[in-house]
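Questions regarding the structure given below will be posed in turn.
First chain written, first letter: the chains are A, B and C, and each begins at residue 1.
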Amino acid sequence: MSSADWIAISPLIAVAAAAVVVMMLAAFWRRHAIVAAASMIGLAVALFCVLPARSAAPRMVTGLLAIDEFGLFYVGLLLKGSLAVAAVSYGYLRARGRDAEEYYALLLTATLGCVTLAVSAHFVSFFLGLEILSVSLYALIAYTRERARSIEAGIKYLVLAAGSAAFLLFGMALLYAEYGAMGFAPLAKALKASGGANVYMLAGMALILVGAGFKLAAAPFHLWTPDVYEGAPAPATAFVAGVSKVAMAALLLRFLTQLGATDSRPILIALSALAVASMFAGNLLALLQRNVKRILAYSSIAHIGYLLVAFIAAGPMGAEAATFYLAAYMITTLIAFGVVAALSPRDRDADAMEDYQGLFWRRPWMGGAFVAALLSLAGIPLTAGFIGKYFVVASGIGSALWALVLILALNSAIGLFYYLRSVVAVYARPGEEAKAADRAPGFSLAGGVALAVLGFSLILLGVYPAPLLRLIQTAIASL
Amino acid sequence: MILTLLILILLIGGAAAWAAERKSPLWSRGIALGAVTLDLLLVVGQWAALRHAPEFLKPGAWLVETRAEWIPQFGVSFHLGMDGLSLLLLALTFFLGALSVACSWSEIQKRVGFFHFNLLWVLAGIAGVFTALDLFLFYFFWEMMLIPMYLLIVIWGHERRVYSAIKFFLFTQASGLLMLIAILTLQFLHFKQTGARSFDYSDLLNVAMTPRAAMLLMLVPEASLRFAPVAMALGVVGILYGAILAFAQTDLKRLVAYTSVSHLGFVVLGIYSWNAWAMQGAVMQMICHGLSTGALFVLVGLLYERIHTRDLRRMGGLWSAAPRIGAMAMFFAMASLGLPGLGNFIAEFLVLLGAYHVSVWMTALAGIGLVGATIYSLSLMQRAFHGPAEEAWSFADLSAREWAVLGAMAAALVWLGLYPQPVLHAAAPIVESLEKIGSALPGFFMR
Amino acid sequence: MLANTFTFYVAGLVAVAATALAITGRNAVHALLYFNVSLLATALVFFTFGAPFIAALEVIIYAGAILVLFLFVMMMLNLGSQASEREREWVRPRVWIGPGILAAILLAQLAFALAHGAGQGAGQASIAPKQIALALFGPYVVGVELASMLLLAGLIGAFHLGRREAPASKSLEKGDA
């Protein structure tokens, strides 16, 4: 490895080093504030390392990692997301009041898994990144181990993630057996040389899609989502929903684009089926929910459906739309779960509708942020979600996917119903119980700053998205 | 620049009104009223300044235009423009906006700051919709105005407010999404034909389309023209349907709402008759309907504040308790039924005159609607203000502030009824250019 | 070649059967024994692929070290008279006869394969430890490092989830009160 290689992967190294340092701190100097600060500093350093890495890009590091504009864009995005999660977690864990330190080490290893996914261009790094992420997430989801729900969610995630990993591995094995390559670029070359799709390729791709579908929680592989979202501690849910899915989607985007998989009709049909199923399953099931975390879980399933429409749309416009959508979705989800985390008392998560009754009048800023997040999920202007949804619809129309676009519009209308119901609660007169709990126990200065920055970005991207779009265009061009 | 300023004043005024609540509700009311009045003065000032400008009478010219790059990647620009029609509608919006701040002065007592924030942002959205020349921007404003509107209904609404707010939002959003798809398709066709991304109305106007696609999209004049016979029929149905249902209501507010449906039927009929008279009438009707129906809603609010009911069956004999409210109601009911001398008469007369040239049958049916209007207006007066009193009513009559609000609206209606020339003058270029498009198209619809 | 294929299928079937029995078994020790057989069968599969080194690692590390550790822990946790009763239960033939038969099949198959010269790779040369080392610390060095981080993540997670319930940690009270 040359020095340029080291510079190129410096963000990854920084995250890994931060994980080790935080683990040592947790072992020898158990101070929650210090451990939290160290992990945030570590993430910030990693984020800073993206700048020199960009100057070294584009670069393949040992055939496993592709450090290009696309990968680094996602690395930056994921690191920002993790930073926000770490900040939000601090108040939550302080309110919970015991052994909080390991959490940050796990958060950092999970982040390492995410950034690895974002830059991997090889099955080996793909799988290892995914496993680092999954193993960290089992523990993060079950972190509040005094709650039965949390443990249950952790086990559920463990079983299903392991199952999906098996699908993924088998798919990779099929592709490797047929084409003798594991790197995306050599694989694409072998694919082209062999003259297009055959049964191994299709079976392998289908299995990989199943594995990725589990991670993305696309219907019909979404069954774990509501239980895991509900059981996991709110900041961990924020990470699962907001950050880990973005990483998986980034990898899938690179994989499908590099292999030219979206030119293959069967794969397009499979993706379309996933998209339609996710949209309907997510939105219709969300209508039945009263638990805020479950509503958000089903809503995230629907959003994966919208995202897949952009995946199906051909050309750079689809990839750009997907990337913008993911950025908007990450910000939105982190705000929503950040507010849930901030409102959570010591022994449970604030996931009942009653917890949000009249929130706007009790804590205007937090209520406002929550409403902004809901409106962004619904795709209403002035929020990033609107531009994202617009972009997805535009890319769909650009590829003449009329049926998908109409289904998307229909589903947006269904989705409004449950988003609005939650908005009504936030603006309702505060109930008596809510008045008694007129506090945000899980609120901390760091979390507040993170929420403020996220909220500001949400509005900024909704009103003036041009700079981010420019960045995304360069990123996609490098793919 | 003035157009951006109009919107900015409202946006900033709204935020300031919210922030000022901490000091005193009076401050937020004052700030809101000030912001809207300032906008009204600016628009009227523009009107006065531009009235004699040559482009005022030139069809297809913008009196004021602002353009800035916004999202170049999508081909979206911040493009606002004002012609005679938008001038009129802006003036109407700000006039009614100022009056609604004034008439909520005592009715809204909780969360005053946030109320005015929402109200001003709705007005900003409406001003944007009236002036946007970029279809993306148009959609943006259109959707932006829905959220504060929704909040106004949810927080300050009366019974069943959550239900009606969600219904309102779902309907407008779902139809908005279809509109978005149509806009995007137009933009996509334009992109395929010219290779440039643009949402500009003038660019998209020139997109060549198959007739079927044009029918589906229906955003451009030619397509609308093909749709005209159906639309005229819908307008007539609206007139009659609104009138009949209005008569059947027992809730005063619902009654007024259905009269509004009936009045808007005239607007639709007028627009799709597609000649100068009818379209002028439609413009007049938009303005007069805004004033007369707005005033009736204000009166409903006044009464509700005093007697806490809107049920017509419980009313009756209110005149003796509050003769001034009764007189005002009488005045606006007369306006609503189209009494000569008031603005609505001019509007409906012009619409019918224009429609007569297109279809005698439709005109005759719409004329029946006028009879219906007379019936529901008089029955409203009869049931609410005359007749036997169900209870011994005793409440305060109009206050000076309410006098001022209703008086201003009444004066505007009288002015429009006696001297409609300024409005007709301002709307003339638009009407003329639309008429030209109509006559250019081979007439399977023009008789 | 044929010997290889035959061995592959027999070993594969044994692996599937043993794994299924391991998952469905109600008795933990019983399940572990089946799991052990499954690992041995997998080692044999590796062997037929021409990867004797990996096969040896599989036997030494997984079957030898890790599972035996599991067994020890399980037995050590069950102390007392009741436990000794249960342990007597464990050494009854009913428990070990199934895994024993499967292991015997594997042994027979291995002997057969060696006799017929299998394991020389299905068309390719067998891979020596040196090649593996060169690959791991050459093109796949990033993968090795990532795997180490994977283990770290697992370690921290296991530490947190498995640790004994303690009264609210002192550090928090000191640090953040």
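Operating definition for what follows: a residue touches a chain if its C-beta (ideal position, glycine included) is under 8 Å from a C-beta of that chain, and two chains touch if they have at least 3 such contacts.
Predicted, not measured: the structure shown is a model, and the values here were computed from it.
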Message: I need the chain pair with the most C-beta contacts, please.
response: A-C
Per-chain Cα centre nearest the global Cα centre, belonging to chain: A
Chain centre separation (subunit A, subunit B; CA means) in Å: 44
Field: Length of the line joining the C-alpha centres of subunit A and subunit C, rounded to whole Å
entry: 34
Message: From the mean C-alpha coordinate of subunit B to that of subunit C, what's the distance rounded to whole Å?
response: 76
Junction residues of subunit B, two or more chains touched: none
Statement: Residues in subunit C with touches to at least two other chains are numbered none
Subunit B-touching residues of subunit A, taken from the complex the two chains share: 361, 375, 380-382, 386-387, 390-391, 393-394, 397-398, 405-406, 409, 412-413, 416-417, 420-421, 423-424, 427, 464-466, 469-470, 473
Message: For the complex, give me every residue of subunit A touching subunit C.
response: 1, 9, 16, 19-20, 23, 30-34, 61-65, 94, 97-103, 105-106, 109-110, 112-113, 116, 124-125, 128-129, 131-132, 135-136, 138-140, 142-143, 145-146, 154
- request: Spell out the part of subunit C that touches subunit A in their complex, as residue ranges.
  value: 139-143, 145-147, 149-150, 152-154, 156-161, 163, 165-166, 168-169, 171-172, 174-176
Message: If we count contacts the way the header does, which residues on subunit B are in touch with subunit A in the complex?
response: 69-74, 111, 136, 139-140, 143-144, 146-147, 150-151, 154-155, 162, 165-166, 169-170, 173-174, 177-178, 180-181, 184-185, 187-188, 191
